[in-house]
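All chains are identified by letter, namely A, B, C and D, in their written order; residue positions are counted from 1 within each chain.
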Amino acid sequence: MHIDINCDMGESFGPWTMGDDERVMPSITSANVACGAHAGDPGVMRRTVRAAKRHGVAIGAHPGFADLQGFGRREIQADPAEVEDLLIAQIGALAAIARAEGASLRHVKAHGALYNMAVRDRRLAGAIAGAIKAFDPSLIMLGLPNSSLIEAGAAEGLRVAAEGFADRSYERDGSLTPRSRAGAVIHDPALVVDRAVRMIRDGIVLAADGAEVPLKVDTICVHGDTPGAADLTRRIRAGLQAAGIHVRAL
Amino acid sequence: MHIDINCDMGESFGPWTMGDDERVMPSITSANVACGAHAGDPGVMRRTVRAAKRHGVAIGAHPGFADLQGFGRREIQADPAEVEDLLIAQIGALAAIARAEGASLRHVKAHGALYNMAVRDRRLAGAIAGAIKAFDPSLIMLGLPNSSLIEAGAAEGLRVAAEGFADRSYERDGSLTPRSRAGAVIHDPALVVDRAVRMIRDGIVLAADGAEVPLKVDTICVHGDTPGAADLTRRIRAGLQAAGIHVRAL
Amino acid sequence: MHIDINCDMGESFGPWTMGDDERVMPSITSANVACGAHAGDPGVMRRTVRAAKRHGVAIGAHPGFADLQGFGRREIQADPAEVEDLLIAQIGALAAIARAEGASLRHVKAHGALYNMAVRDRRLAGAIAGAIKAFDPSLIMLGLPNSSLIEAGAAEGLRVAAEGFADRSYERDGSLTPRSRAGAVIHDPALVVDRAVRMIRDGIVLAADGAEVPLKVDTICVHGDTPGAADLTRRIRAGLQAAGIHVRAL
Amino acid sequence: MHIDINCDMGESFGPWTMGDDERVMPSITSANVACGAHAGDPGVMRRTVRAAKRHGVAIGAHPGFADLQGFGRREIQADPAEVEDLLIAQIGALAAIARAEGASLRHVKAHGALYNMAVRDRRLAGAIAGAIKAFDPSLIMLGLPNSSLIEAGAAEGLRVAAEGFADRSYERDGSLTPRSRAGAVIHDPALVVDRAVRMIRDGIVLAADGAEVPLKVDTICVHGDTPGAADLTRRIRAGLQAAGIHVRAL
């Protein structure tokens, strides 16, 4: 039994720092690196790629809307052709930076509002999958299980990876509890670790109403920009390993 | 005898159009495509690459400072490491767009203030050459003859190409007459054509003071954003061909 | 009988030009000046204000989403508080530029997607009205007749002005025919002039299906960025004057 | 005897936080608020103005180059007319936000590279002074003592205020020791406090070589973005008050 742990990285910009990449890096196996549109700049991208390489962490592109102020979290009206071009440019920029460091990309995960929109909009999901395929069809596409994202990636013949969130509450239908609802984010580290283990080992997540929901995931997403992120991530990794689950990149 | 004609292309952005790319494209052999930092956006980049491919024009990256408002023409304080990362990201973005169109890059030419600064600053020129080498050492680096740019490219082992300007006045020392001086830009098409022919056929340019200055160039740069650019470019190409000079990409 | 003619102005940015402001200015009475977020930069703003002043044209702020590439025409998720701050900053920037030219603002008209979203979202409309009121409650707020915009302006105690579009087709319910439908934009100048006159003189617009729709407007909006805009605007103004309608600012 | 303490504030942007404004605010008397070009966004500007008002801190505009990634610290080629327009727009934006909070501006201090360039370039300094005068001639202009900035402000008839840096080393000629030199920044809080007191009480600063340099300042600048900034600022204020110096806004 094995699992990947992915985390958004390289979300600093210019003079501003976000996250605690150096301390999170040792606990993860895949880094989703911002590509300069919603966060990151060429220098940040390079330092992040370098750190990932040093820690033996797989490098992926984390493209998003070109919206620094909104951090790519605001939904922006976009047609699929526009999204495809936007993503190809971002993936290409990061791949070039990686090449300069003697590294290459393993996966792509869309960021923020773009991810959320594509989860429910099959055409946007198709644009994301199309961008990946156009750039390098061997890249793995990450997405929410059973969503348009996964469906579009598979339809394009890409290798896809479904991700689960150990620190988020789920609904009975397998969707995430909206962040606006109380209890949407789980803060108790022991509980988060326990949920991660059940997700991987048993393929089950407990829904907010107590129901056991089947959930098959290939990677666990952890959040690097919350206080205590490094510690929580270390505990999740240790917990998974203690449960006999091998933690390794996709 | 042969020569390349290069022109900056894809300098539109969002709702704004610049240049007359469609009408200039048939007369040139190399397109320097803006990479989204000083001009261009992913959609413009893709349309420009597509047009270049349709016209059989070689595609090059034209990276510049990330300064839309100043169009990359303002000098910005930058250290070499920053410039290298900035260029790798831009070249990578354009290369990815090109790949999505089944095309690939042939050359790189720095834009505007970055080009001008690197002409006289060997360290910046080295950063540009370093970026090209890190991304793809088979790309050709364009620059001003006898400048730091050409020197740095050669020092990195890159294939370099020196460019001449048929519509610009030169000084006795081979430098360009500053734009602030009267007569710096030559507007008479017949004269421009004549100067282009002499430059290629005889390796000579007439300086502002009448002196014959030796100048060895591999490519002629034409400007696509001036009124009448398409016509002037067509006349230059026709004039070169009439003089028995084969016009072809680098 | 009198009417105002308003037009979006100052939509150039950095090296890029949009519209033909100098030729349109003589025919209009109110200029909606872009404020640097979706178009315009401080230099463009200043030149536009100066031109408006020279032509005796009333100056208004035309704030929009901070989205240059999308020209403020993409809908962006935004909460009312964010929109209020965004607009205050933009109106303030333009008012300051106007003050430096010895001029002051007369009106505010939201731009593009923000306008369209506020037409149907009373909370966003309230944010726009709130921004105007917070900055200067004597400014006139422009909007679509019978929309949330006009309603919100009135609710805040602002003077409001309803605008009509002589070159746009209307539906039986008084809404604009969506641009995606054939015939949404009317190109025949004679017809446009005729519709402008009927709108002002008779308070009526012919809907796409031939129905006479009552429409009470205080200002006619003309578009400055279409080919022939200057001529069409001149004809509209002349046609209104020939029909005995006095053309003057709000 | 009295002195003002000024500090750069509101330098967060979108999702990124900089500085510890809330903890620094109680110890200062003037806040230089970023205006959205090098840092700050409309929401940050509003929150910063609101906090300053709550703490009874005088509000000033802190305009800089439109360079988020470089945080306004990179020198950018700019002609005076451009700088004037850039500053008017920024000051106007902040003044509008302040007005919405029932507050008004007291001073203007240029930021980063713009400040440094204007210290030695009288024409840029004149553009800054011209912008302030054009917007509101009652605003106080801050600058380095004996620099072009102060000279330009005075020449425009503005009220000027010279600022000193308690945590920076000075040269015998009254200039600041360049940051690139060891000892340029003084970290020992007791020493910083002592230097602040001597500067105000005695009009003297100890140069790096031990010489007593006369220095007449109206305000002390403290830095809010360094670790321990809030504590250091509180100690400076307490030290000044203990020395019988009244701390109050300009």
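What we mean here is this: a residue touches a chain if its C-beta (ideal position, glycine included) is under 8 Å from a C-beta of that chain, and two chains touch if they have at least 3 such contacts.
Predicted model only: the values in this text are computed from it and were never measured.
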If you tally the C-beta contacts for C-D and for A-C, which one comes out higher?
C-D
Whole-Å gap between the CA centroids of chain C and chain D:
40
Distance between chain A and chain C based on Cα centroids, please, to the nearest Å.
43
On chain D, where are the residues touching two or more other chains?
69-70
What is the shape of the graph in which nodes denote protein chains and edges denote touching chain pairs (line, ring, star, complete, other)?
complete
Provide the residue numbers of chain A that touch chain B in the complex, in ascending order.
36, 42-43, 45-46, 81-82, 84-86, 88-97, 99-100, 131, 134-135
In their complex, what parts of chain B are in touch with chain C?
12-18, 39, 41, 68-71, 73
Could you please specify the touching residues of chain B with respect to chain D in the complex?
66-67, 69-70, 74-78, 113
